[in-house]
Each structure stands twice: as structure tokens, then as C-alpha cells.
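Structures for review follow.
In the two complexes that follow, chain A is the common piece, with chain B as its partner first and chain C second.
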Partner chain A sequence: MPFVRWLALAALLALPAASQAQDTRLTERLDAATATRVQQVVDSAQAGGLPGEPLVQKALEGATLGASDDRIVAAVQSLHGQLRRAREALGGGASDPELTAAAGALRAGLEPSALRRLQSLRPDQPLVVPIAVLTDLVAEGVPPADATRSVLDLARDGRPDDEFVALRRQLQQRGAGGEPMGRPALRPAADPPVDQ
Partner chain B sequence: MRRQSTLLLALLWAAWAPPALGQLSGTLDMGAGTYRPERAIPGGIASIVPALRYTAGPLELNALGVYSDAPAGRWNFQGGTEAIARRPAFGFLLLEASGKAEWTSHYRVQGTTTFSGGVRAYTATGSRTRAWVGRTFGRATALGARRPLRRTEVGGSAMLGRVHLAFTLANTTVDRSYMLTPGDPREPVADTIAAYPEPTAQNQVDRLALTDAVLSGRWRFRSFDFDASVGRRFSRSTPETVIWGLSVSRDLAPTLALVGAAGRAGSDPVTSVPGARYVAVGLRLKLGAPVAVSLPPRPVADASAPFRIGPAVAAGREIVVRATDAEMVELAGDFTDWKPVVLHRWGADSWRTLLPVSPGLHRLAVRIDGGEWRAPPGTRPVESEFGGQVAEIVVE
Partner chain C sequence: MSMSAEHDDALEDEVLRQVVNELRRPVPLDPSVDRRALDQIRAEALPMASRPDRRWVTWLAGAAVAAGVLLAVALPDRQQSTVAPTPPVALGPPAAGSDARPVRLRLAAPASSRVAVVGDFNDWDPAATPLRPAGDGGTWIVELRLKPGRYHYTFLIDGRRWARDPSEPRAAESDFGAPVSVLTVS
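Take a look at the complex of A and B:
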């Protein structure tokens, strides 16, 4: 009988602990079922060594933007997959912000090899800003190969973060590039002038 | 002459200025196709097009040459160099000064030269839309005569998804002189005196004015780049013409692309070189990094930016959103756990709050007067998985 009492007491003590494991931000903003489904993804990510905070933020973003429950869960699951790919690309030493930024880069269409190369060129410096700028350039329409090359050039020279930001600003000011001097590709040279 | 010398000196200075960590990039196009010029015999043609771009800080230099070889030894060459100096954004404006020298050479025929210089003012809000206005002055030499030219242009561009669209309206005025001799058909014969002109020739000047309206688009899809443009020339003194161009390139390797192009190029009223229709295919070799990397001055806080996050202080970071005629502005982002924060009115058209924001990459959105959540003005919007657009920004 004492054993049963102890068991009941332990169960009572464990109940609040289980409810604390659920992120209160999720339970406050989502219905109970959706919060539980999101929490399962978060727990799965953390068990695999991935950050849970970006997943929580994704769910909260969906709640603020008025998305349906299924759409929120799908977005969180999709981000989980991207974070896993980012971890594969950057390895176990990457910080949570770096993994979040890398997940965005992969979503934008960049190759994992570009992230690995960037990491090898900046082994002792944070990668968040270079990865964010790289993602931004691709989103602005710069071909991924060209954007990668420019960012890697800066990384190779050991430039600080603000120069990566300056590169992005410079491109925004310049526009989307185009043919040199605005001339269409392969347009032949004009014939001699004609007196009209 | 003095103006030309000044322009030449400016170009030389630009070319020899200290190249502080600038970057050189370029392309070499080689192709063949068909060419149908106005008032000349059509035929096959082969072209070589080297192009170079050098950037160092606010300075940009461009050089381009087009050598085309037609059957029977007829060849034409068009070349040009351009120097552009941009100053850092002045409020919401970006000022740009440029000087350009262009010339043509032809088989057994005297070529043309054009020197021009001008200024442009861009809106530089950092958003996906921009507008500009510019004014150019110059002088061309063609057919043995000098021709002063003036050009005024206005334009705008926008990124719609991944398509870059631009519209330009350019008004060009050029004075073309010629010697009027007795019996010239251009001389009006309206009265007795005109019917019996003085026997000496007279120098006459025709002022030619025309306006080109051009809409162009640029789109990148996987390894393909599409460029298209269509325009129309409006003029009382030259035939109105529709001009267009279409080109597609596909990356075969990081430094090699296949290029195809077709179009109708308008005649140049400044130098009198004729227009033509063309179709061509070829290869493009890429040299250096196409995206220029340089060392611009360290960015300074832009007090007129429509959205800004200030430096970290004890109470957090100052966040300011410009929203004219708004009654309420809210902000939400990953640094507020996506809980809407109401901003306080600050000045005539701005809204402000103080929030702790850590350095790094952040997602956020604003809502004005209870409307849709969207990216703050002046930031690059990204599509949200939940519909609508938010912003991703890097906080330093």
C-alpha cells in the first residue's frame, strides 16, 4: 500500500512537469491539438540536436498571420527538414542562428556545398551575416553561382560582417545588372552612317 | 572643344584612379547569325563582343566593343567606354555622374564619335522599386559634321517576384547641320525670292527631336536568363519605329554560357547609323566574378529611411517605421514572439518603439490600420509560407 501511495504521489508531481514541457507560447496562441503537434516536432528536433526555437517562432508567425492549423504544422515540419539539411551541411559545430540562416539559404535554392565552403573560409567567425547576405542576393535575382562566388571572395579575404552587408546594399543600388552599357546580347555592330 | 577636353580628363582620371580593392569582371561573346540592315543588303554575319566592367568603391568603369564581319570583307566596329561615379545615398536620393565616349569604324567608310556626360538622381530607399531622372549633354561627329545633343530621361524599375521590370522614357534632341545649296529640295520654294536664291551655299541646322519609350524585363529561371525589351519611337521628323530585343542564355558551366538573341535595333539619330533586324546564336565566356565586390564607405544611419532599426542601447533598439496618413502601426517579429507591438506616433509621418533585438537575422512584419501584415516599407519582402509577405533583415 505504501508503494501505491508513493506511486500516486510521483504521478501527481510528474503531471505539472509534463505540462511544463509544452512551450507556453504555443499553448497561448494555438489550439491545444495544434500546439501538441507542433511541440512534437520541436521535441523531435531537439532530440536530434537541432534548435527548437526557430520552429516555435515559425508556429507563432503562422498564428499571427492567421494561417490554418494544418498549414502551421506543415510549415513547422518543413522547417524541421531544412534545419536537418542545414546541420548536415554545416556539421555539429554550427550555432543555432547559423543553422536557422542556413535553412533559409537552402530554401532559397543554394547548394549545401556553398555553405560548407563558406564555413571552411570563416572557421572562427560567425556565418549568420554572410549566409543571410548570400540568401538575399539570390532572392534579388542574382544567379546562385555568381552570388556564391562574390560572398566567398569576401570570406576568403577575411572581411568583416559589415562589408557583406555593404555588398548587398551596393547591389540593391545598382539594380538587377544586365548587359554591359545596356546593350542587348550579340547585337551586331551597326552599318556605316547614312545621310538622310 | 574645352568641354570635350574636360570629359576626356575625367575619363582618364577615372581610369587611372587608385584601384582600391576593386574588381574586374567581363564577358566575351562570340556568335553568328543573320543581319538585315535598313537600306543595305542583308546576309550572314559573325560577331565578337568583349565587355569589361571594373568597380572600386563608388566608381564603375565599363568598356564594350562589337566587331562584326560580313561577307565580301565588309566589317563594322562599335566601341564605347563609360565611367560612372556614385556618391553614397543622400537622404533617399542616390546621385550618379557619368561620362561616355563611343565610336564606330567601318570598312572604307568614315566612322562616328560621340562624347557625352550627364547626371542621374535615383531614389535609393533600398526597396524593390526605384525611380530615376537624368540629363545628358554631348556632341557627336558624323558625316563630317558636329552635332550637339541633349537627352532627358525618366524611368522606373521594380522587382515583381523574380522578374526585374524597367521602364524608360528618353527624349533626345540633336542639331544636325548641312550645307544648303541652290536647288536643294529641302529649301521651300514659296515665293519669287526663294525661286531665285543667292548663288552661295548656306549652312542650315535641322533640330531633330524624338522620344523613345522602352519597357524591359529580366528573369532568371534555373540556369536560364531571359532578357526582353520592347519600345516605340515617337518623332515628328523620323518614321515612328517599334524596336524590340529578346535574348536567352543558359549556363553550361560557371564560366561558359550559350546565348541566343533576336531583335530589331532602331537607327541612331545622333550618328545616323541605320537600324537593323538580327538573329544570332553564340557562346559567352565569363571572366571574373560578375557581381562586383568593393569597399564602399561604412554605411551610415540614414535618418530618412522608411524603416530602420537603430544601434543597441540599454533600453533596446529604436525601431522607426514611416507610414504617412496612418492611424495605427503595429510591428511583430521573432524578437516579439510574433506578438503585435503598437508603435507610438513620432513626428509627422513616423512611428517608433524601443525593443530588444539581438544582432543577426530576423523575420518581421508590420500592420497599418489593422490591414494585412506585410514587410515594412523599404525592406525586401519575402513570401511567407502562410501567405502574404514578411521581411528578413540582418541586424548588425
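Take a look at the complex of A and C:
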């Protein structure tokens, strides 16, 4: 069966090229073993339909900031898990930037149900900015439930991205003015913050 | 003895010359010979094409083309995403049709000799994006063009000190201990 033999030959020729395809940014900035470990996580993410670029950037961040190899790999693995959870929350239709933003939100302590609720309120609009603002509010010290309530209120009213950013600016100004960040709600709450 | 040998050589040369000339003389052929020869070649070629042992050659060629197409489709896609990914940032003037947005970063760092920014938009490369003095004696600035998304970044002052951007939120996570800001481009 020459036909089968040729196909097998083609597969054998393709296999080494595929298995050796490593991101040159990783191999240039990390030692060989660490680059391989990170590449395995990236490959696994991409095979599961997740973006690989945030994982590469996390590894490069660690390399530039002088982190140890194990810490870099651990951070990349952790982000991979967050991206997976983000996809579970938002579904397969979420864009890569949305997944990346949602992974950060989950890392900040927000619940997947908050992301799903936000998505249901903005079904046809990008979610990057609302998710980012939600994450930023929590990172600045607003309790997650309060931050979620404020952002969902804007989403429910169909407000544009600029108003979400304005909400964050408002909070930053309060923080700069010495007001406590953990106050109840930035806007009056009309509904419970998330689906329970 | 030697004269006889020379004579024999001369005779042989003459015979050879005549033989060669005779062989080189064009032979007149009937014009129909060429036509009959071509007809015969065609008649023999047709059965060759339908012979069973030629079929696997066709299959082989098809398999080679298919393998090539598969490799062309599969490998470059992987390499594009892992080996030579397109960076999310393009410095300089906006490209036509690009969805990148202009972003200006600034940092007050008086008494510093150089400031750079590293982040998700430049592969965290300290040499990629230096800031320039704004001319007011302490502020450093840089203009970027970033696609919509969320970017982590920090400043590097004098090549040895990290400083986050106080005008943007701090990153919720700090995997590596350094202060990092997060920028959202909408």
C-alpha cells in the first residue's frame, strides 16, 4: 500500500515540526526547561479553545520582574485555571479579551454569577469594559457585592462604556479625597447584585 | 617494418573515413513514416493511462497534495499563534483600518535619567518602549496605540526601580511582587 506509506511518511515529517514549535519569546527569555513547561500550559489552553497570549505575557512579566522559574510556571498555571473558569462563566462565545478580563475579575474575588448576570444584561455588547471596571473597583477596595451592584445597574440601564469608566473615575476621586472605599453602593441598588 | 605499419594505419584511416561519411549520409524516408510512427505512439499511450498500476501514482499525487494542504493549514496556524504572534500594540502613527486607539502614558519621575514602560503590549521588554521627557523638568511621556483590551504594565526607572502608574488602577493580582497597573482600552 504505497498510498498508506506515503501518508505515514507525511505524518512523520510533520510531527517533529509541530512538536518543536515553541514561542521564541519564551525560549529567548526563559531557560529551556521553564520555557517548555510554560509552552505546555499554553498548548493545553489553546487546545481547549482558550487564548494563549495572556499566558505568554504572564511568563514574560515574570521573567522581566525577576521571578523564579517555579513562580513563573505557577502564575501561568493559575492564570490558565482562571481563563478556564472565565470560559465556563461566559460560554464559548466570549472573545479572548473578554475571557482575559473575566479571568482577572475572578482572580479579584468576583463570583462567576456576577459575570453571567452582566452578560445577560449586555447580550450584544462587548463586556471588556464593564468587567474591567468591576475588577478595578474591587481592587481599589470596594466590597465585591457593592461593586457588582453598581456595575449591573449601569448595564441594566444600557449605559455605554464611557459611563462605566466614569464610575471608576468617580471612585478614584473619592479615594484620593480620603473617603472610604468600602461604602455601601456607588449607585442606589434596584435589584440584588447577582443571581444566587 | 615501420613503413609497413604506417601504411596500414593510413589505409585503416581511409576506410574509417568512408564508413563515417556513409553513415552520416541522410537517408530519404517516405513522409508517411513520421505520421505512422506518431499514430502508433498514441495508440500505445492510451492503454498505459488506464493500466491499474498507474492508479496508485495518481492516488499518491493526490495524497501528497492533501498532505501539503493539511500541513499548510495546520502548521502555519499553530506557528502564528505560538511562534510569531502579532503583538497587540503598534507604536507610531495609526494604520489605516486599525482598531488601535491612541493612549498616552505619563509618569512624574524627577531626577531620573531614563524611564521605560513594560507591559502586555510590548512583551515586557524594557528596551522596547522608552518614555521621553515632557520638558517640564520631571514628567516622562509616551504615546502608544493599543487595541481594545486590558493591559498590565509598570514603569522602569533608571533601569532598576519599578513604579506603577498612579493614574490607573492597580492590578488586583500581583504574581511577582512588583507594583503593576492595569489599563483598559475601550
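Brief remarks follow.
Convention: the second predicted complex is superposed on the first by the 156 of 196 C-alpha atoms of A that agree within 3 Å, B and C clash if a C-alpha of one lies under 4 Å from a C-alpha of the other, contacts with A are read in each partner's own complex, and residues count from 1 in each chain.
By definition in this document, a contact is a pair of C-beta atoms (placed from the backbone, for glycine too) under 8 Å apart; a residue touches a chain by one contact, two chains touch by 3 or more.
Quick caveat: nothing in here was measured; it's all calculated off a predicted structure.
When both complexes are overlaid on chain A, the residue A:A166 reaches chain B alone and has no touch with chain C. Of the two partners, chain B and chain C, it is B that touches more residues of chain A.
Residue contacts after overlaying the shared chain place A:P97 against chain B and chain C alike. In the superposition on chain A, A:V133 makes contact with both chain B and chain C. Look at A:P143: by the touch rule set out above, it reaches chain B but stays clear of chain C. Touch criterion met: A:A75 reaches chain B and chain C at once. In the superposed pair of complexes, A:A63 makes contact with chain B and with chain C alike.
Residues 25, 57-58, 60-67, 71, 75, 78, 97, 100-101, 104, 128-129, 132-133, 135-136, 139-140, 161-162, 165, 172 of chain A lie in contact with chain B in one complex and with chain C in the other.
The touching residues of chain B, counted against chain A in their complex, run 23, 26-27, 29, 31, 33, 35, 37-40, 45, 47, 49, 51-53, 62-64, 66-68, 76-78, 80, 82, 86, 89, 94, 104, 106, 109-112, 122, 124, 126, 130, 142-143, 157, 159, 162, 164, 166, 218, 220, 225, 227, 229, 245, 247, 249, 251, 254, 259-261, 263, 265, 268, 271-276, 278, 280-282, 284, 289-296, 298-299, 332, 334, 337-340, 360-361, 363, 365, 373, 380, 382, 384-388, 390, 392, 394, 396. The residues of chain A lying in touch with chain B in their complex are 25, 29, 57-58, 60-67, 71-72, 74-75, 78, 97, 100-101, 104, 128-129, 131-133, 135-137, 139-143, 145-147, 149-150, 153-154, 161-163, 165-167, 169-181, 183-196. Contacts from chain C toward chain A in the complex involve residues 56, 59-60, 63-64, 67, 70-71, 74-75, 78-79, 81-85, 88, 118, 120, 123-126, 148-150, 152, 162, 169-173, 175-178, 180, 182, 184, 186. The touching residues of chain A, counted against chain C in their complex, run 2-3, 6-7, 10, 14, 17-18, 21-25, 39, 42-43, 46, 52-54, 56-58, 60-67, 71, 75, 78, 97, 100-101, 104, 107-109, 126, 128-129, 132-133, 135-136, 138-140, 161-162, 165, 168, 172.
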